[in-house]
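Inspection log for the structure reproduced underneath, given as structure tokens.
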Amino acid sequence: MKNKMAYPLEEISAFAGAVLVGDKEKIITGLNTLENAIDEDISFLSNKAYESLLATTSAGCVILLPDKQDFFVGNKLVTENPYYAFAKVSELFSTLAAASGEVHASVVFGSSCQIASDVDIGANVVIGANVTIGRGTTIYAGCYIGDNTTIGENVIFYPNACVYGNTFVGDNTIIHSQVVIGSDGFGFAPVRDSRGSWQKVYQLGGVDIGCNVEIGAGTTIDRGVLDNTVIADGVKLDNQIQIAHNVRIGENTAVAACTGIAGSTTIGKRCTIAGAVGIIGHLTITDDVHITAMTLVTKSIGQPGSYSSGTPMNRTETWRKNAARFNHLDSIVRKL
Amino acid sequence: MKNKMAYPLEEISAFAGAVLVGDKEKIITGLNTLENAIDEDISFLSNKAYESLLATTSAGCVILLPDKQDFFVGNKLVTENPYYAFAKVSELFSTLAAASGEVHASVVFGSSCQIASDVDIGANVVIGANVTIGRGTTIYAGCYIGDNTTIGENVIFYPNACVYGNTFVGDNTIIHSQVVIGSDGFGFAPVRDSRGSWQKVYQLGGVDIGCNVEIGAGTTIDRGVLDNTVIADGVKLDNQIQIAHNVRIGENTAVAACTGIAGSTTIGKRCTIAGAVGIIGHLTITDDVHITAMTLVTKSIGQPGSYSSGTPMNRTETWRKNAARFNHLDSIVRKL
Amino acid sequence: MKNKMAYPLEEISAFAGAVLVGDKEKIITGLNTLENAIDEDISFLSNKAYESLLATTSAGCVILLPDKQDFFVGNKLVTENPYYAFAKVSELFSTLAAASGEVHASVVFGSSCQIASDVDIGANVVIGANVTIGRGTTIYAGCYIGDNTTIGENVIFYPNACVYGNTFVGDNTIIHSQVVIGSDGFGFAPVRDSRGSWQKVYQLGGVDIGCNVEIGAGTTIDRGVLDNTVIADGVKLDNQIQIAHNVRIGENTAVAACTGIAGSTTIGKRCTIAGAVGIIGHLTITDDVHITAMTLVTKSIGQPGSYSSGTPMNRTETWRKNAARFNHLDSIVRKL
């Protein structure tokens, strides 16, 4: 059903799991915002702030909550979860093509690879020895897939992503451009000489990545020192995230961009970690924890809930006065 | 006039827009600091801290402010904006070669591309379908330019940069290595099942990048969900910046390294955002706003000016005592 | 001795510089944690928290401190620095192969290159003009090494790393995937027109990288404006670090992931900079300084020791109340 780019509303409502109120045969050719939609487009209302646009939108159909349906006179898809229905519909209008079995002539294979027959592999991809790739997977140009890597079915690797090797990638996982998987963790032993030099700890582990994972552009995931680094099923990682060696991230946890997680930290299931968060090493964070943007997590978290650190933004002039007081806070309080 | 690497001072002064006081025919072959310059070099004074070096420098010419000219006895270029004149002169000594029309034999082209005749394209570049590239543009080795991308004139893509597709890049724009443009934004709808799983929101928009933009190494720019992500003319982005889907950055705004800007935030013109700043999503920041390093911006900014968050650095021992008090600040104040 | 993957304990103890107590001829085939080790594995105790595992581990040998040897009845390697001995042993079990002189047919060389005979160069590597590569060096697939670059002996470049050019890389240095070396620094002069436009400062310097340096995946190092950016011998840089133009980092300093160092800052020897630290430009940090995670360094540091900024993490609800007070801290203190 995908990629036709013209669907009757009946088909869309079935795919989205929503109740159609209106013309079953109405043909929809696009998805757009309430503001920009034309009569051939479907749109959605999931944020109350845009409710007034229901009166003026030109959309040919709107996805909305049951208690909003009276505010829109046209065709509608009614559902308790409009944002989810919108997400489903977005899949219908995606231009991603299914893999067709094209392997570019320039692709380099190592020994003993097992590649399913319908896999697409783009120009200049380099694949090591003992690599297995499941059916329906697409590997775009310029990727590097190192030795002893197993890639599941319907996986996508976008251009120039790299896997060092000894990695498992589950089905339906998406890996974006410039991602690095399996790089050396940051492990060095002090030599205890006068120059302060370091002895490298060679990294002997691998990386396990589950099914339905997404890994954003420029994110780096180091392999384990001895065991594996683990990204469980359904984990969503945004761009430019750093995952150090032996980190373990639980099922369906989502991590926003620019966050760094230091070595051997374990994060539970269904957590949401906002952007630019830092989490130091060797911590355990339980399930259902939420961390707000730019928080530094320096101790384990045993209770679900939301956690934060930092100070509020202010005019620099005002902030500077408050910050100067912070620098003497202990002595100020002692004097009280 | 570029790349000759030997210029009479008269030519340099005209190019830099500064007034020459001294020998018009003096030949200059390099640009250097006051400390390291030799007699064949031109140098500059734009920071008062280095003023005393005017007495000792061996430079064959110095760019300086009118009120500094009495402190240097040699040839000088006098201007109200010495740093700008220095920047102009730096162009004269850059070794960047003009594009010459060389397309490496290994380059892969999709269908219906329109490539100007004098474009340089390096080894292993992969270009999708319906790509247009304007005259004088250079695309270095290993880049990926996806379908439906239009690249203007005199653009540079450094090695291994990636464009997913549906992107417009204006004239004279510079894109550094490992940049990713057009990756999927971080959009997922909660399925509301017991496992906390996510439904991907397929990203259907593109990216518009203006003229005279520079995008630093490793920076990632996601494409829009439905509309486009927009980087206006003259914007300067440093390395390892994250720009989420549907962000809009106004003309001539400069953003320093490691900053992350979350989805749908709009930033005005002529702003300067320092390094490691975090800006959360769906905000509006007006023109002429300045954000200091590592600030977290959590609300819209309607007034020009400078904004900050965070606490000052201190000895860890002292900091720890103050930070412990911060953790009880509300109850301390309530007791007063 | 490397890569045999089966060593008698006598050989291991000599390589690790530790005293063997036990069976010299015992064959060891792997390295593992106390928890997971089997009888053919060697393990180690360097963290007191795992001491109780000495009673239950199945390891065929344990590396430990002299005062711990009575707690383990099997074979042991006794040393004052067990973590260092473990690191040495990790090298024995690394699967890194020595370079063998294979240069893939697709490699592109510029003019006047000098490549040692036993260098390995992977598929699709592009090497510019006047590049020198020393013996034993490995350059993996997809790397770009620009003009006028000198690479020492036994260096490793992992896939898709980029060097713009004018770079020196010392012996035994390791450069991970997606690293960028020599990109343009972020230098722009205000034109002082009404639109706030910028004149690019062309970057004319290079990058000097010492021996025994490691540079993590996705790290970016800009070349100098006029002089060089300098990374001294033994420096260890983790993933996704940003090093701006003309930064100088002293011998054996280690920097953790996601840290950014702004232009012209000089850092001393034997410093440790934790993750997600920001260091602004034009500072001088002396030797033996330690910076804790996510600290913003805004002034020079003349005394060794540990430095921090930020506030502790708390429940968001509690944090918010304290943070609100911070925003009025100066006026609160004035009223006291």
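Here the chain labels run A, B and C in written order, and each chain numbers its own residues starting at 1.
Note that a contact is a pair of C-beta atoms (placed from the backbone, for glycine too) under 8 Å apart; a residue touches a chain by one contact, two chains touch by 3 or more.
Computed from a predicted structure; not experimentally measured.
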{"item": "Classification of the chain A:chain B interface as same or different, half of numbers criterion", "value": "different"}
{"item": "Angle of the C-alpha superposing rotation, chain A to chain C, to the nearest 5 degrees", "value": "120"}
{"item": "Distance from the mean Cα position of chain B to that of chain A, given in whole angstrom", "value": "26"}
{"item": "Chain A: positions in contact with at least two other chains", "value": "106, 124, 142, 160, 178, 218, 240, 258, 276, 294, 310-312, 314, 324, 326, 329, 336"}
{"item": "Chain A residues within the chain B interface of the complex", "value": "31-33, 36, 81, 83-84, 86-88, 90-91, 93-96, 104, 106, 122-124, 140-142, 158-160, 174, 176-178, 212, 214, 216-218, 234, 236, 238-240, 251-252, 254, 256-258, 269-270, 274-276, 293-294, 310-317, 319-320, 323-324, 326-330, 333, 336"}
{"item": "Of chain A, residues touching chain C in the complex", "value": "106, 108, 124, 126, 142, 144, 146, 160, 162, 164, 178, 180, 183-184, 186-192, 195-204, 218, 220, 222, 225-227, 240, 242, 244, 258, 260, 262, 276, 278, 280, 290, 292, 294-299, 305-312, 314, 318, 321-322, 324-326, 329, 332, 336"}
